[in-house]
Every structure is written in structure tokens, then in C-alpha cells.
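For reference, the structure is listed below as C-alpha cells.
Which chain is which? They are A, B, C and D, in the order written, and residues in each are numbered from 1.
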């Protein structure tokens, strides 16, 4: 694996940009990303090294589920804990393990624009069909609409593959403002957004104001998947899909086939399990439940701790009480 | 109007309570509150006195709209600015002006439990079909589930009419915790909740966990009315219904008749107008738009200021841009 | 007690205002409010009625402590749970029980401007030396600088006694913006502020920008009393003064006499007890500790609950661990 | 520059740890970090490359100011935008440029524990006297006291130099809980904390509860430097020291020499300039003012944008209005 591009001077990238623009124009046109995706986790050994074999086994075990594809290095992939080399290598391995009719969407966001561009290029080189770019957030007081529009426009100008925006205020403390999204939706290489905030009013407004661009909105959590569909979202990237993937695909199917009553019943039973593996217990929660369902969960990287016995009990209850275990 | 009951010693109320319990049992059983309600505004004269005539004229002008009823003294009624006497008198006037086949739900919440009980009794006496009881919130740090359960149970024990919980964190900085709602839903005289927070995940969970009690959940704002219906809410109390009431009733009808595609299109066009008359410009915004639609809006009580010219322009744009003006 | 003024039409007040202005000009000039004040609690009987006798006994027990005066119906007085009549009557009783060389500052804030004016007039009539006016906050989204300036200016125009602003974001969710305070500090009848937010940067800036007006800033909590003095505050209105009043007066004395090292040692030992009777356990906490110190604490009004045994244990620890019990 | 250690497998580090513990015991004992530090900025070329020459010139220009030392890669160093190699190289250059009697405290925090350990080791190797370790925050919902204690203990176990905790909720959305700080203060290789939250109550409590350990608390912003000293802080790491360094050292001196009145006057004039270069305009603000004072400011890395003309005007006013320009 050659990573020479990762740490070369920014100047080359800058010069390269005029070229990029043309490239982007043809590359993006119309990638259809409708559907359900698990934001897959990254298995680690007990020494906290990436366990690529278990990663590949998980992917094989997902094969029978009608996912549209896989998101690599969303928040559940512990991307923040991976080195640059690991981030790229994980994408490379996933792409090889996943059938070509499934999309691989890779999380390439970094804090700086130039690092994000480099990461995007590397991930595209190794087979990502699209990139998911989280908001840079450390200096969130200065991450105005203008700053975010600059950032995402530059990344999209240079990206060989389509860009999906990623707004996850629970982790970043930052929402991309609606006006910035509307502006960015007009960029030919920005095709959609994963919105994990859960505010359906906001999601409805984004859909309303970008519909002419064919902008695709994905719900970022299973708890509002039905509500998202009702308002015009076209899919979901949901932590819960790592363990209840078939059920989420069934929910998608009900929504698309106007079986709203059944969808409602199913959705109700997913809220508590979803809360347990997101807000309540996060990635360690997802990984614990994966073990119960026959996938490889395993430890997180430090400083994420495994759940306590008490927490595991509460986690289990969220699944049993709703008939899932 | 005799208000002697309003300020008598609490002791009488307390003694009265054993009696209340029996009363409540028969009073509530099954009031059906499904449907759309405007939380009506309170017109004032230029001297900031309640203008009862204009109030009654507004109600007459709403007559042709298929509302289920009217909410008096929700947040849009500026109840926080009315004296105890005014609060009761407004309810009395509304009840007289409104046909008996329309419900009158009166906001009777005060900070203390005893004041809430007195207000509830007065409002019931003058014809309220149910009361809407906002969370006491000044000492929000101590308004735990336990405290809220105590408060609402006492009020419901004593109330001659059914009680609807009212959670409006935008004004109170306080959400009723879901576990408290589940407990309270088992009280025979507590029949539902108006939830204005807009978190459909939370709303879905409340519905899921109270469905055996026949607990009725009403969306507290028009921006998530469709999403609310999709997840099991049975109606809405929406500031926007003061001006786009027929449209909200049309949206209700679409949702109930499985016309989800049309519902979605309509919902999209309601989000910006709704934001303008709630979060953005509040009660002065609602009242301004009422003037444009031929209702009596007029001034708010101080310290609520009228909108500036700049704000009015922005407000108008939210309606024109969506085809409503 | 004649309360006829309390609920008369606003018009009279309005007409009265031209007169007020002149009155205010002479009334305020230079009330010196430097010093330490307990925001006294309101004792209740077991039936939750105001217990005026116990109130008076508490005041007598405070006599030996060199307080500058007493604040009646700050947040600790449960003013939000008192009827208008009770609010005025409590002030009347306190004024009678307190020696004339101690100030009585009465909390007269209500949500509406006109109710605040009426309450202010009543309280002044019954002997309040100044009024403390909490920010109206229910419609906090519209409580802009402009709205707050209007509100406080009108109240100060009409008030027969000097006005002290009261910013307590922990209860109201609202800070008076610094620019509004600077503007209001120029009103002849607005003489200071109680700031309970605890942000010494903000407090320092307020002092810096109002020093020409002789505006007096009081710390609203004992936890930053020393820091407040270091930056220019002239006193404190502190819940903790209800139980450790002598100690707070000692701390004041150390700060005024440049005994900063001793002051620091004392301040350190006050932080945990203070947190316990404010953020952690609120008014029920203060009242519980009052019992330990020989004052009348007693129950709060509902919905404020008494502390659980567990909470009492934790509360006690905050005092014993710092050598106060 | 050999960076081989940076990306080797974690296993080696883990095995290495038993050794570390002994090392740490002797390394830390009693580094005295009292005093004022600028958290220096990182100059970039117009192509956004690190400009090491300008970095060194800035350091020379700071030579005449009685700083205790320099903080490299605090938030103002845009560390989040530097590659691992750049982070280490900047520390190396700073150490070479700075006289040995000045401390170099290097920000070595990363999201994962293992990356933080590696970065810490590298920075120590190249001459950092201590490391400043920001809270990992991406998964803030799981960054409990337990998780933070684990993280910091592991880092401190392995660090060849003393560790200073860094709590900066404005950027991370996370405060280290006081109980975790108290526990960590007992670790021999953890010598203090930079607290940027500005809550002097919290700072006072930390000092109170760690004083037996000789734990050293540094104020993280100039706006509460005086208040910090009054309550027992021993210095400050302040963005404003990049431009008003002599003045902050003068303020320090006044506080240490009990000239509290003069200190207060000076402190007051620093609040608005400080707000302008922190909360209001952040790093681009600091860099802009550096240009006015004859230092190299220059551009930030994207996505941080330069200030607009309007913002520059406002920034300037914060300095001129207080007599600094």
C-alpha cells in the first residue's frame, strides 16, 4: 500500500485543483444512494489492533441482508481513533470484501480541509464509491455557513467520487446550517447528506429546499427512520443496522410500499434498542449487541471502555423488552 | 363573576381531595381529543386590556374550519401575562362563544400545585371540557420525575375534567421525562399530552409505551404534524392553526386517508411559515399574520414587543415563498 | 390590607406614568446597597400555608448577624408559588419585623410589565427599600435586549423605590445581555444588579462598563463571592447566608480589609455547602439545613418535594466535610 | 527527523508500560509551572504550509517578556489541523528556539489513548518539558469520569515528562468532572490542569480538593486571570498573551504582590480584548491582532477563514476602546 499522497505538501493539491473541477463534473452525475446502510464497526484485537479478518467475516455475514451498501468510518467505525494509514487500509479491505453491486461509502472527514482532500483521494483510489464528510468541528465557534461552504466546496471540487455531507451534532456539537446545505446541494459533486440530529422539521425543510437538485437525504439513526421516509428521506445510515439490519430493510420496504400501519408498529419497537446503541451506550453498545447476534463486536479502542455488567443488563433489556432477544 | 374559590386557603382543597378521586373516576373515562386545535391568541386593546369582543369575533371567524376545538391559554394565549381573574374570564367567554360540539381545552397550569388546582376548578366550572397543564418550571432543577408525578397526580385527582399534560421545553426549559409520562398515563383522569418539543423519537416512544392506556398524543407544532401522524399521534395543537387552520385540517385529513404523498407536499410548505410564527417571532409573529388573514391580532402585552419592519418583512417572506400570501 | 391597586385596569397605571418619572428622580439618587443579604425563605405550615410567625422568628434570629439587609422573595422565597396577596403580605411582615437600619429588598418581578409595576408599587407601599426585579422569561425567545430595556425602564419609571435588576439564568434560562445592563445602568432609578450566573468574566465586564454610573453589582451566590469582590462587586445575595450568614459576613470583611489569603481559605470551604443548597438541592436543601442551624426551615410548597434520606445524607456531608457541622 | 515510533503497532507500547511506571516516578516529581504562557500560534505560508522561520521570529520577539514559558499546540496552535509529523516538528523547532530557562509545554492530546501516548513520547523526545493533554471528546457521551481517569492514567504512566490536564469545553463540549481531576491529581506524573471553562466556582473547588497534592491550576483565559489568582490559581495560559503578554505578566505580578486594586483596573481593560480573540473571533482574531503588534500572524489553515472587514473593525474596537491600540 502506497500512501505517498497522504503527507505531501499541500501545494501540489492546490495546483491540482483546476483539474479536479473538470474531473468532478463527470464523476458524480447521478449516483443513486437510496437505501439502508450499516455504519460498520471496526473490530479490534485485545491489543487494540485492527482485526481485518473479523472485519471481513462481519461483511460476509451481512451478505444476505438487502443493504444498499456499507458505510465505512462513520462514527461507529471509531474513525477518530484510527491512524491515517488504518483509515485507508480499512476502506481497501472493505471494498475487496464487498460485492460490487453494493456501495461502499467511506468517511473521509478530517479537521483540516487539506487533510480531508488527501484522505478523500486515497479512499477513492482504493475503491470508495462515495465519501461521507463529517463537519470539521474543533473550532466550532468559527464554523459558520461561509466556512463550511468553503470547506465542502473545496473537498467536492477535488474529490474523484461524489460527496455526502455528514451532520452529527451529538458527536461534533455542530449542525450544518440549512442555508449552507441548500447552497452546497447545488454543487454537482455533492449528492446528499446523512443527518443524525433527529430533528424531522429540519430534515423536512432540507428536503423541501433541495428537491430541485435531486439532493438525497439519509436519516442518520433508526429511531426516526419512518418519520424520515414520511417526510421525503430516501434511506438511512443507522447504527442499529449492524444488528437489526434485516428489520431495518423491512421497515424501508413497508415505507416504500405504503404499509404505514405495519411500519409504525415496527418502528415503535426499534426506538429503545436504537437509543441503547446510540445515545445511551454508543459504540461499545453496538459491539456488545453484535456479539449476541453472532457478529464480531469485541473491544473498542481506548479511551472507549467496555460496558459494565450493569450497563450490559440495561442494554439487553432494551432488546428483550421489544421482542428482539 | 365570583372568584371566591381562587384565593381561599389550600386546606379546603386538601380536605376536598378524597372526594375528588371518586369524581375524577367518572368524569374522565373517554374524552376523545383527536383532531386539530388552534391555541388561540388573546387580543388586547392598545391599553393592553383584554379585548373580549375581538376574541369572540375571531372565534366566529374560525367557525367554518373543521377544528376539533380550541385551546385557550396555551403559550400563544399569553397566559403568563394574564391575571388569575382574566384567565378564568377568557375561558368563560370562549366557552360561551364556541358551539358545544367543539371542545374547549383550557390551559390551567400555574407554578404551584395548589394554584393549579384552583385554576383548574375555576376553568372547569366555567365550561372547559379539559385542562392543559404546563409543567411548573421555575425550580426546574428540582422538577424530577417524582416531583412531576406528584404534581400532576394531585391536579388530576382534583380536576372535575380530564387533564392533558403539556410539555413545551422551548418556553419552560423542561421536558416531562418519558418514564413520568408513562406512569401518569395510568391515571384515569390524565388522557393525553401536547408535546411541543418536536423530537419524533421521543413522541414515538411515548406512544409505544402508553398505547395500552389509550393515551392520546397531540403534536405541539405544525412543523412535525405529518411525522407525528406517521408515528401514531392523533392530532395537533399548532400556533399555525390560528392562520392556516383549514390547511392543517386538510393535512390531518390526508394523513388519516393515507394520502401520504400529498401530505408530504403540503407539510413541506408549512415548515417555514410555522418556524416564523413559533421559534423565530413567537406570539407577536402569530398576531401579525392574523391581521393579514383578516383575524384580530393586535398588540401583545409588554414586555412582548411588536415586530420591527425588518422582522415583518422576513415574516411575510416565509409565507409568500411558500405560496400562502 | 387593601389590595385594590393590584388588579385595577392598567390604564390608570399608564396615565400615572408621567407623574412617576418625577417621583423616581428624587426617590432613588443614592441608595447604598453594599453588603451581604440572605434571600430569606418563606416558612410554610404542614398545610402549605405561609407561617408568618416562623418567618418573624427567623428574622429575629438573624439579628445578631451584620447583614446589610434582607432580600424577600428572591428565588429562595418561593415567590413563584405565592399568590399576589401573599407576596405583598410577606413583605409587609418582614418590614415590620426588621430594624429600620437594615434594608428590605423585595422581589417584585412578574411576567408582564404591568403586573410587575403593580407589585412594585404595593411592595414599596408596605415598606420595601428597593425592589429586585427578575427577568420575565416565559417567552425568552423574544426577550431581546430591546424588550428587556423597555420592560425595566417602564418599571423603573413607575417605581417609588430604586430598582435592582435580577439575572438568574439557572431558573429563568435567560441572562440579561451586558449591553442592556449598560443602557439600563443609566436610568436614575436602576441602581444595581444581582447576578446569579457565576460568570466572573461577565461580572467584571458589567462593572467595567457601568462604573461611571456608580452601578452596584451584587454576587448572586456564595460560591464566587470572593472572586466577585476581587473584580469589583460590592456584596452578595446568597442562599447560603440563610445558614452561614456570619461566615459570609466574615468573608466580606476579609475582602474589604485585603486579607485575601484568609478569604481564600474561607471561600474554599464554602463552595461545596453552597452548591448543595443551590444547584444540587435548591430551596428544599436550604430549608433542611436551616433546621440543623436552629432556624425554621420546614416544608416547601408543592411541587417542590422534601429531600429523600439519601439526599439529606449527601447534603449533610457537604457541610461536615468542610467543617461546618 | 525519525518518526518511526509514531506509527508502530500499539503492542510495543503496551509491553513498554511496566517500564514506564518506574520512569514516570522519577521524571515528574516537582516541575514548577507557575506563571504566564502564551499558547503560541502556528504561522502558515499563503499555501497553508507551516512557516517555521516566522515561528522562530515570533519566539525571538517574545524574548523580552517575562513568560514562564510557551505552550505549543494548545487550541491556538491549530494543532487539530497539523499532521502528526508537523506537530512533532513544531515542538522540535520551538524547543531549539527557546532559551532553556523557559518551559516548553507541548499539546500532545489525540482522540485515542495510544495515539496520545505516541505523540507524548515523540514530543518529550524532542524537548518538551511537559505535555498538555486535551480531553478526547468525539465520543463525549461515553467520556465518563471512569473513561477519562483510565485515559489520563495510561498516558501519565507512559509519559517521560509531567502531564498537564487540559479542559476546554468551548472546543470539546466536555469538562473533566471535578471528581476525576481529584483522582488524577494523585498520580505522580500529573501535575496540574489548564482550565479554560472560566467557571471560578469549579476552579476554586478543584484547588480546594487537590491542595494536598500540590496540584497546579492554570487559568485558561485572560478574562478570569485575576479571579483565578484570588482563588488560588498559580498562572495562566492565555490566548491574549500572544499580543498583550507584558500586560498579563504585569497583572500576574500585581496579584502576587497584593496590588489588588491596580490588578482590578488592569483586568477590567483586558476582558473585551480577550473575548475578541477567543469566543468572538478565535484563532483568526489572535493572528490578526498579532499583525498589529508586529508579530507574524498570517492566515489560518482551512477551514478557518480570515476575518471579514466588518469583523476586523469590531476586533480593533475591542482593543482601542480599552486603550490598547
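The criterion applied here is as follows: a residue touches a chain if its C-beta (ideal position, glycine included) is under 8 Å from a C-beta of that chain, and two chains touch if they have at least 3 such contacts.
Keep in mind the model is a prediction, meaning the values are calculated, not measured.
Enquirer: What shortest step count links chain A and chain C in the network of chain contacts?
Expert: The distance in steps between these two chains is 2.
Enquirer: Between chain pairs A-B and B-C, which one is joined by a greater number of C-beta pairs in contact?
Expert: When the contacts at A-B and B-C are counted, B-C has more.
Enquirer: Express in whole angstrom the distance between the two chain centres, defined as the mean CA positions of chain B and chain D.
Expert: Computed value for the inter-centroid distance: 51 Å.
Enquirer: Per the centroid of Cα atoms for each chain, what is the distance between chain A and chain B, given in Å?
Expert: 39
Enquirer: I'd like to verify one number: the distance from the centre of chain B to the centre of chain C, where each centre is the average of its C-alpha atoms, in whole angstrom.
Expert: 33
Enquirer: Scan chain A for residues touching two or more other chains and write them down.
Expert: Residues: none.
Enquirer: Just say which it is for the chain contacts: an open line, a closed ring, a star, complete, or other.
Expert: Shape = ring; chains linked end to end, path closes on itself.
Enquirer: Which residues, counting only chain B, touch chain C once they are in their complex?
Expert: 7, 9-11, 14, 47-49, 75, 80-81, 83, 85, 111-115, 136, 138-144, 146-148, 150-151, 154, 170-173, 279, 281-284, 301-305
Enquirer: Help me check something: in the complex, which residues belonging to chain C touch chain D?
Expert: 198-201, 204-205, 207-208, 221, 223-224, 226-227, 230-232, 258, 260, 263-264, 267-269, 271-272, 274-275
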